[in-house]
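All chains are identified by letter, namely A, B, C and D, in their written order; residue positions are counted from 1 within each chain.
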Amino acid sequence: MATDSPVQLGMIGLGRMGANLVRRLMRDGHPCVVHDVNRDAMLELEKEGATAAASLQDFVAKLAPPRNVWLMVPAGVVQSTLDELTALLQSDDTVIDGGNSYYRDDMARARQLAPRGIHYVDCGTSGGVWGLDRGYCLMIGGEDEPVARLDPIFRTIAPGRGDAEPTPGRTRTDGTAPEGYLHCGPNGAGHFVKMVHNGVEYGMMAAIAEGLSIIRHADAGLGRREVDAETAPLREPEAYQYEIDVAEVAEVWRRGSVIGSWLVDLVADALARSPQLDQFTGRVSDSGEGRWTVQAAIDESVPAPVISASLAERYASRGLGEFGDKVLSAMRGEFGGHAEKTG
Amino acid sequence: MATDSPVQLGMIGLGRMGANLVRRLMRDGHPCVVHDVNRDAMLELEKEGATAAASLQDFVAKLAPPRNVWLMVPAGVVQSTLDELTALLQSDDTVIDGGNSYYRDDMARARQLAPRGIHYVDCGTSGGVWGLDRGYCLMIGGEDEPVARLDPIFRTIAPGRGDAEPTPGRTRTDGTAPEGYLHCGPNGAGHFVKMVHNGVEYGMMAAIAEGLSIIRHADAGLGRREVDAETAPLREPEAYQYEIDVAEVAEVWRRGSVIGSWLVDLVADALARSPQLDQFTGRVSDSGEGRWTVQAAIDESVPAPVISASLAERYASRGLGEFGDKVLSAMRGEFGGHAEKTG
Amino acid sequence: MATDSPVQLGMIGLGRMGANLVRRLMRDGHPCVVHDVNRDAMLELEKEGATAAASLQDFVAKLAPPRNVWLMVPAGVVQSTLDELTALLQSDDTVIDGGNSYYRDDMARARQLAPRGIHYVDCGTSGGVWGLDRGYCLMIGGEDEPVARLDPIFRTIAPGRGDAEPTPGRTRTDGTAPEGYLHCGPNGAGHFVKMVHNGVEYGMMAAIAEGLSIIRHADAGLGRREVDAETAPLREPEAYQYEIDVAEVAEVWRRGSVIGSWLVDLVADALARSPQLDQFTGRVSDSGEGRWTVQAAIDESVPAPVISASLAERYASRGLGEFGDKVLSAMRGEFGGHAEKTG
Amino acid sequence: MATDSPVQLGMIGLGRMGANLVRRLMRDGHPCVVHDVNRDAMLELEKEGATAAASLQDFVAKLAPPRNVWLMVPAGVVQSTLDELTALLQSDDTVIDGGNSYYRDDMARARQLAPRGIHYVDCGTSGGVWGLDRGYCLMIGGEDEPVARLDPIFRTIAPGRGDAEPTPGRTRTDGTAPEGYLHCGPNGAGHFVKMVHNGVEYGMMAAIAEGLSIIRHADAGLGRREVDAETAPLREPEAYQYEIDVAEVAEVWRRGSVIGSWLVDLVADALARSPQLDQFTGRVSDSGEGRWTVQAAIDESVPAPVISASLAERYASRGLGEFGDKVLSAMRGEFGGHAEKTG
């Protein structure tokens, strides 16, 4: 879908996400200037039609004012990149932070840029490594004017209406949400919504993981797990004699079920490739969004027991509950003379 | 997609699910005999091509042996219907329970029917009121032979391959899971998988609900909630000044995002129809599957904190934690002289 | 406190709990007949004044009817011991199960014994290895008559009024609860209350363990934990620079604080002996009561998120969430190309 | 126990806690100067031997340098009181904040006072309305010198060794923890430990409340709760026929049980006064410490699912989950045509 309003965009940061955003934009006719500390990444995109800029000075020079600069760099270097960049920009230019910054940093950065007349737009970008083809869901925060100016960019990056059936009950005909992008509010609102999106993701992932684990262990009555004198035996082993193909369950849930979702699609794929998932250790990382979501829930006095539990589950998966667990064993030893389970 | 192997099916129970299953089967060329205590429901389907049977005797008589009888009746009357029905059936007939029976009841019912040579198949059926068009995801338990015999029926009811993209990592070419139905194991295995499916559904729903609630209350710093002397004030009200359109957020999450799912589709629809959801009181029912899922996790020693929390959240939503909450207020009163928050 | 109404008791099972119960009874003048498969345990108590019985026949013969027989044997052999024993007993004899049986088994056992006129009393016994001196808290279920007959036994085993200050608001002067024993209701009620007691214990233990872990890791900002590119850095390391002596914190909490409790006493003792708890691995066992408590909460529709979470935490401590955690890592790998944290 | 080293203390804030601290200090021979905006509170303590000061100027004038000033004022006015007070103080004076301030505020306040040579000590004070007689558990943060200087004050306020049995495993003979007060570390460490103490308190309270609720509803099988077509019926009502006296259960748990604790003492008292707790609505307030504890756990990457769940439970008790619950009902309506439970 070639757009009739090409808008020039500068992209700093050509990792998987940044590079694919550029590709998706160029496909749709938007000219792109690109910069990365990794020279190969730049050359690769130059071959595909982008204009490479060897330095930030060069990068800024190659963009026509008012400039649109999209940052797609690791969270840890956003601030330093922004500081260096904004020294080169001028009034009415716009910087878009497309990473996973904390929304409070967005608020501070917008305040930092405002005296120089530079606009700041925070853009939560969901879609992972698949977004080049699927499009990315965009959650945007910032002033109305620069966001409106960037509309052709957002429209191109987003999946578009065709990606899902229309919502039957929807009567309003305005708004860009059915295209897959949304101006959520002033600065920080985009990353706030993206943060909560990731919090929801934690909870949904945990629900799926717990469910598949329950199905996998439906053979508990077959006595394959070690017996433990300290632990109650299964009262009705005859009810847990199933050996269920977990990978096929994930596959069947993809179609027609109430829990059909992209996450189920992904887990079906992972299990199709590796039914036992033996290449994983089960140490689950967490980036910042899950933490910040729980923190927001606490501040707002909103009960969020499921998202909170999913965060704690990740911490525990990495062994971070060890001292607490030792305290539990120690108490059991004290009051009951219980020896700790070993092995 | 007309099938070249029509199989006659008898359906007992013509509520929304049962009636739509019959419609979907007839569309595909399978002749159906129907029965319900509600005469209007029968007449309606008779007009659409089904054969109505006024009594169970008549119903059984109109089915050619070996018969296939699908029960789609409320959980509370499955056993009595089954008892009455099986007295009329003969060896090699098959009864399919398509409702939400507890899988342990399936095990007992299969044992009850076995001496008479009658087959029992448990079939967890997901898809809700939308299944007529979308197809239903089927999770099936029972012996191989009767399940194989029913394959054309299951194939018609299920969504079929077209409903979702192929799983990229999938290399096996056998199996029906990509069609949307799966023989999960012996009796009870179908409803076991469906039970866990619904447990996953609880957790996913809770994650979405919590997330949207956090977004809705992103205006907490605007001071609209009542002030409470017993409760800590929000330390940084300036970080919670967003008034975000929750309905539009749900809509945008439908496209390209990692949490894209049918549940998000549904909540977008509900919010499009009623942005404040004022017609709901927030008393959330639970049928048996969530409870049974947590029970299975406990029996299997599988940690399932997220699904457990989502179940507790539903109980609490119905006020069932009231006595415990009073105990908390009483303790606070005792040790701190804290007056309870009122209003 | 010598009692003026000695009652003969037979004890089967001379593990730590059983032996100490016998000692406490003999101290108070109650004659005891003892039996155990471990001959040394019997001889030890014989030296202290008990009458040893080499066989169940001998045991029963040495008790004067109507007999009082206390079972203090592992859960797994209660039923077989009971079966063998009751064949030797006669009408109006009473069997007390003092272990941690599931209350539904009590109900069945009472029904089993009733036709022969033998009474069954279930007695939840809390106090652990310290009960010889502290006394045991007793939660009793059974018919009124045999429970009343055993009152001198229960009174001796329980701690007595002196163990705690009188409850200021208590106006009723009847009842044995201030003595430390309570007839809770018909058969099963004793073990039901004990089961929930242990569920509460799980929750309280978890709260203490989590709290001490948070205090121990108050040095998180000192950068001692491994850095992980997949995990968000601590935003305000300057707020987590404390190196707090956890053992001393547990000790100070013992006096005057709102959370003062026997469990805090015990954890202070454990930490005094071993500040790092290095002898523990942190694999926390669970016997049946926590599971059954959560199950009762589910059946009763009572929200119990805290006790549920404490149970899941124990499962996770033993690595039982591993498959679920691998599923999470697998999903992260799929949508984000995230490598799993290693090491 | 009269101390041989009286130390003069000034107390600002004569609410229940502040006034009782002064009484406890005067009993032990420490001269006190008191100030409060409430003139009656001052006069009351003046009658009991304190020196009243009508203004802060007067208050400071009546204290001999180096002054010790204890603030026991609501969290909301600590900062303004401190600002006004410190303008009047001089180098080497010490301000103790005995309230429930956030430990990060302590860090900032200590930094604020340091340039003027004024010491700041944060002192978490647990003991509630009962502390006058029981003594208060003190968790202290600050520099060594001023904390050491205040030792006689802390020793008097704390319960002292007699309040609990010695910890058997304790071999170290130094340290004040067995007296009931502890210098936990530099500024903020005292309130940090107190914050976590309160977080533990949340979890313990929730465990007790859930347990008592499960016991109260052990009559679920008697069919007294409303029947609900949307909710699964209790499968085994015969197992839930107990009508247990919850108040007596709380009373019996006070003696000899593993969960014996001051919180159980308090709930026994509350239930003795009001077995149904009808005067409470069950809207449970939360002050800041529970929130901050969960936040610290998140920052430190420590799994704290139990304390987190207890916080969410309090929010839910006040109806703050309402929107989320409506979202759940809305989804159920969408996929299943489920009507919401009413009444």
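Just so we're on the same page, a residue touches a chain if its C-beta (ideal position, glycine included) is under 8 Å from a C-beta of that chain, and two chains touch if they have at least 3 such contacts.
For each chain, UniProt lists the protein as follows: A, B, C, D = 6-phosphogluconate dehydrogenase.
Just so it is clear, the structure is predicted and the values come from calculations on it, not from any experiment.
Undergrad: Can you give the shortest number of steps from subunit B to subunit D, where adjacent chains in the path must touch?
TA: The fewest touching-chain steps linking subunit B to subunit D number 1.
Undergrad: Which pair wins on C-beta contacts, C-D or A-C?
TA: Of C-D and A-C, more C-beta pairs in contact link C-D.
Undergrad: Centroid from C-alpha atoms only, then distance subunit C to subunit D, rounded to Å. What do you get?
TA: 28
Undergrad: Please work out the Cα centroid separation of subunit B and subunit C, and write it as a whole number of Å.
TA: Distance between chain centres, rounded to whole Å: 39 Å.
Undergrad: Report the inter-chain centroid distance for subunit A and subunit C in whole angstrom, where each centroid is the mean of the CA atoms.
TA: Averaging C-alpha atoms per chain gives centres 45 Å apart.
Undergrad: Can you list the residues of subunit B that touch 2 or more other chains?
TA: Correct list: 128, 206, 208, 210, 213, 217, 231, 235, 258, 262-263, 269-270, 291, 299, 301-305, 308-309, 312-313, 316, 318, 321, 324, 335.
Undergrad: Where on subunit B does subunit C make contact in their complex?
TA: 258, 291, 294-295, 298-299, 301-305, 308-309, 311-313, 315-316, 318, 320-321, 324, 335
Undergrad: Mind pulling up the subunit B residues that touch subunit A in the complex?
TA: Touching subunit A from subunit B are residues 103-104, 107, 126-128, 131, 134-139, 158-161, 163-165, 167-172, 175-182, 184-186, 188-189, 192-193, 196-204, 206-208, 210-211, 213-215, 217-218, 220, 225, 231, 234-236, 238-245, 248-249, 251-265, 268-270, 272-273, 293, 296-297, 299-310, 312-313.
Undergrad: Given the complex with subunit C, which residues does subunit A contribute to the contact?
TA: Subunit A residues touching subunit C: 16, 75-76, 102, 128-130, 205-206, 208-210, 212-213, 216-217, 228, 230-233, 235, 262-263, 266-267, 269-271, 274, 277, 280-288, 291, 305, 309, 313-314, 316-318, 321-338, 340-342.
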